[in-house]
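Okay, so here's the structure we're looking at.
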Amino acid sequence: MVDYSIKSIGVLTSGGDAPGMNAAIRSVTRAAIFNNMRVFGIYRGYKGLISNEIEEFKTNSVSNIIQQGGTILKTARSAEFMDPEGRKVAFENMQKHGIDALVVIGGDGSLTGASIFGNEYDIPIVGLPGTIDNDLNGTDVTIGYDTALNTIMQSVDKIRDTATSHERLFFIEVMGRNCGFLALNSAIAAGAEAAIIPEISLKKDQLGELIEQGFRKSKNSSIILVTEGEITGGALQLAERVKQEYPQYDVRVSILGHLQRGGSPSAQDRILASRMGIAAIQALLENQRNVMIGIRENEIDYVPFKRAIKKEREISEELREVLLISSI
Amino acid sequence: MVDYSIKSIGVLTSGGDAPGMNAAIRSVTRAAIFNNMRVFGIYRGYKGLISNEIEEFKTNSVSNIIQQGGTILKTARSAEFMDPEGRKVAFENMQKHGIDALVVIGGDGSLTGASIFGNEYDIPIVGLPGTIDNDLNGTDVTIGYDTALNTIMQSVDKIRDTATSHERLFFIEVMGRNCGFLALNSAIAAGAEAAIIPEISLKKDQLGELIEQGFRKSKNSSIILVTEGEITGGALQLAERVKQEYPQYDVRVSILGHLQRGGSPSAQDRILASRMGIAAIQALLENQRNVMIGIRENEIDYVPFKRAIKKEREISEELREVLLISSI
Amino acid sequence: MVDYSIKSIGVLTSGGDAPGMNAAIRSVTRAAIFNNMRVFGIYRGYKGLISNEIEEFKTNSVSNIIQQGGTILKTARSAEFMDPEGRKVAFENMQKHGIDALVVIGGDGSLTGASIFGNEYDIPIVGLPGTIDNDLNGTDVTIGYDTALNTIMQSVDKIRDTATSHERLFFIEVMGRNCGFLALNSAIAAGAEAAIIPEISLKKDQLGELIEQGFRKSKNSSIILVTEGEITGGALQLAERVKQEYPQYDVRVSILGHLQRGGSPSAQDRILASRMGIAAIQALLENQRNVMIGIRENEIDYVPFKRAIKKEREISEELREVLLISSI
Amino acid sequence: MVDYSIKSIGVLTSGGDAPGMNAAIRSVTRAAIFNNMRVFGIYRGYKGLISNEIEEFKTNSVSNIIQQGGTILKTARSAEFMDPEGRKVAFENMQKHGIDALVVIGGDGSLTGASIFGNEYDIPIVGLPGTIDNDLNGTDVTIGYDTALNTIMQSVDKIRDTATSHERLFFIEVMGRNCGFLALNSAIAAGAEAAIIPEISLKKDQLGELIEQGFRKSKNSSIILVTEGEITGGALQLAERVKQEYPQYDVRVSILGHLQRGGSPSAQDRILASRMGIAAIQALLENQRNVMIGIRENEIDYVPFKRAIKKEREISEELREVLLISSI
């Protein structure tokens, strides 16, 4: 009789880093050891799986990391893993170390890779949603999102100090790729006047209205958050437009950039990552595979990879209204 | 024909203050004005309603407060409001100002008062859950809880620096009254070794086991969070017990105290308060009364006061396990 | 006999805002009242002096502002004040309000204006050094510098999380105009690999050496701080050069921008501003004029405007060495 | 000819930990290596020197620690080192590892030990002032003081949120042993109403005056900082007195405790520690011994141990006046 039970797992982080990844690594490692599995940390994502940068982890390999931003396993994007030949080497390295299953922490690209690799070599793989963009399907929230939201909010709080002192109009560009979650929510949290996001196309005459509205409200400054990327055009392009069409405003631009990815994770991200890490091992024990751990209505959920990476999240109408009303 | 529509509302904060109350005041005020109502800020809770400390609010009365801790309306506990005579004066003051309805932001005591007052004088009252203790029923989370959780976690992060440098055992006492939510969740978030909470009685021999476990794990320090109050005995009493029964440990105590109530609110608390404030006005427009605004599964919910203040929240088994496993 | 004593002062903030300006306004106001003077807050710097935006301040006009970034008096640059006609109107407005003397909080441009105005109309004016750039002469440190330094450092700490996770080379651009103080000191504080500053010209072949050095040290990321402006070329231009000459590096740029100006002031800035505000009133009582309050060897000093705005501060050799050695 | 040059040094942290100690360890280590010395990290202060917990450090042994609170070398108090027999073992361990000289980071107790040991065995020892109390002589500031000051200030900022919301009188106890530096300076920085410090004895009738003054100023709350210890009596004892003598006030106490020791060091502490670490190695190269590195007027200074640990620092009259005037 063959023994299908998992004796040894590998854990890796892949794609863009997100605060809370270390809390997830810690929790996965300890839950595996708690369940008598061996754990291997794989460095630099799929790239390290191919180049065999693999090291056994013990309980205290993950001590004192829960509060650290970034990922101690480092992360990378791997072109070789797109290639069947690369994945073959990856699989052989897993066999060498006796790794039976993987926990992959990352965004949609990482989970897509996991899905292909898991099917190809019949490996049980469970994913954890690690991305500040909150753009995965089937989970209310992803690891890193809450920290990034707070980081952006605190930055906008600082910029507002100078914006109100000088009575200026600020365009602040935030991350999110094609997803306006970060921009819309941080606009509400920071008390900004508006958010320009990819999901809602801005009609030609709306920009001026938006700005005038901000100043009309007997306010002496105006802050507009903008999602990065081609769809919105980004903060620089918008500011350029305003400077030409509305020369009366003192316009400034701030591109928050990579500091949004870093920092000690928030309580919510650490708790979320701790819960999800334990759930990932639980899922493997239940013979789950090709699923991402999600959180729905504050309960752990298993989301098939296919559904997780499907782009169908919509921007909440209610939140758009909250921004509109609370900033009058 | 009588016109039952609400033309004017009052807003007050009552009981213990919580970060995010200002964001709620801002949102209630602007949503009311957006819906063509007048708004009156009532100072010092029910006390100020009785002593007539009432002032009309405009849109910019609440400018630049979303990021501030505490409550610009101040708060107090009122013995007079317990008395029918006090409530009569309160009602008369409402009539003088032409206030048709109230939005009350506070914890269970405040909502109990609202319930009595609303029924007595047939006044539409809607409540918002404002308390760091997260001990209200019918809402996944209360305004102020997330900020307090982060404040505690950051304090424990700091204490851990010195705890590990000296290899000590720390008991850290946190707020929560009879509710272990803050202690359990901040223990997970801060990577503490254990949480002693009112919901779970500690058997006589478990304390030593708990501590030894912490040090056995080849860790060089141990941090145990304790909910304040008689049931747990508080951190000082526990430390005293340990010093006598286990003199080998270098025990220290830290009582976080009132700093847990303050600070600029977190993104989650600001967004929650903004959403709930708008929902409160919406509820009044829908002729709701005697309900608290709750949030369930990320959707706004109306919770009858009676259900909201019923003590039936239970500590999650899953979270207790998360703490146990992630701190091995 | 003419009474030359000062009975009434005006206070204004001018030029770029800096954290701690509010603490200075508070301290000036209270020290004046403590010495039985009346105090007038002048809004928007010299611009408001010309447009007569002036309001009497009492003790509690400045309550609860010590912890706030920005300036409650707002600030602006004024072209009219460059003009004798503008200054004439300014003087007339002072007379209307019975203002005998001014306290001006700002950088070199603001103090230059103060110097001209004070001489022209024989007005006692005392300046406070309020600028994050720390580019004034005769004072060890300016109000706002320490907060900006900490803000930059915390931002670089965050960026390092993602830089080390991805093994990247980051150019981070900070403020400072023609002065490398902020860049050099924050590079030391953040543990960056190098600082490119206006005072030290970078020879053609040094950039590559600098970068290679960073990576050679068996470090897996490299962070280089750059002072904004034409002399260094700024972070974007440097990154462009590196991408072409050293395509092997994964280069990223971050321009910290206006968030460097905001935020709650640090302890040092609040204490410095409190001390200097009181010293300004003391100086006026001693019939000083045309001086900036400085701090040298932790003692208050009076610095003639002419000396204060002279550009002669030099970058410390010792600090450059500290960065070099501590980052090997 | 005997070669007296130092080829190998040991570094240790001793006594209470202070933020910035890691930055000092990093800088000492790298400066030594830069000057072609070998470096040994000694764990747990003098205790580890006796129990031989010694490990060679390389450049990257101290990577990524500049931003961490606490001390990676850990710290302890050692009774054995008080004993000549203990010091003999310590010396023998130094010989075993070939350690020629020591850099000791700590407060007055640690430097006293260093002085005795250095004289006894003719070992070159240089000290760095590492203590949050700022109670060493011959240096304007000690490593850890600025961070502790900011930590206290931020905690008081939070407590003020709730103090003003409830209109309460708060006594907040801070560290400092017999030295009022932390209490006085953080009172100024946080905008507190008064500071009760060991250097200034409070006359019987002054307490009431102090409190009434606070409330008289048309302020709705009052915060008084208190240095811990027998001389002041501490916050609890003072509050007890007030409750009995002035029952009209709503008094609360907060004892900040060990969180004052932790946290990521401030920019000033990191820069100070980096400078001092390099200066320590420089001092050894110059054949200095029995000196503490101090900073005076922003220049590095060598302070004989005897002078450094002499208790003669006085509380600045000017600062007491600043608190008095700025809080009217």
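All chains are identified by letter, namely A, B, C and D, in their written order; residue positions are counted from 1 within each chain.
The rule is simple: a contact is a pair of C-beta atoms (placed from the backbone, for glycine too) under 8 Å apart; a residue touches a chain by one contact, two chains touch by 3 or more.
Predicted model only: the values in this text are computed from it and were never measured.
**Q** I need the common contact partners of chain C and chain D, sorted by label.
**A** Per touch definition, common to chain C and chain D: zero chains.
**Q** Under the document's definition of touching, what chains do chain B and chain D have as common neighbours?
**A** Correct list: empty, since no chain touches both.
**Q** Report the chain whose mean Cα position is at the greatest distance from that of chain C.
**A** Most remote chain from chain C, centroid-wise, comes out as B.
**Q** Pick the pair from B-D, A-C or A-B whose contact list overlaps the C-D contact list by over half.
**A** Duplicate interface of C-D: A-B.
**Q** With chain centres taken as the means of their Cα atoms, state the distance from chain A to chain C in Å.
**A** Centres of chain A and chain C (C-alpha means) sit 36 Å apart.
**Q** Give, as an integer number of Å, the spacing between the C-alpha centres of chain B and chain A.
**A** Using C-alpha averages as centres, the distance is 29 Å.
**Q** Taking the mean of the CA coordinates per chain, how far is chain A from chain D in Å?
**A** Roughly 40 Å, centre to centre.
**Q** What are the residues of chain C that contact at least two other chains?
**A** 157, 160, 164 - these are the residues of chain C that touch more than one other chain.
**Q** Just spell out which pairs of chains touch, all of them.
**A** The complete list of chain pairs in contact reads A-B, A-C, B-D, C-D.
**Q** Chain B touches which residues of chain D in the complex?
**A** 13, 17, 19, 68-71, 74-76, 151, 155, 157-167, 170, 220, 252-259, 261-263
**Q** Quick check on the complex: what are the chain D residues that touch chain C?
**A** Contact set of chain D toward chain C: 26-27, 30-31, 33-34, 59-60, 63-64, 66-67, 140, 146, 149-150, 153, 157, 160, 164, 185-186, 188-191, 217-219, 264, 266-268, 270-271, 274-275, 277-278, 296-298, 300, 318-319, 321-322, 325-328.
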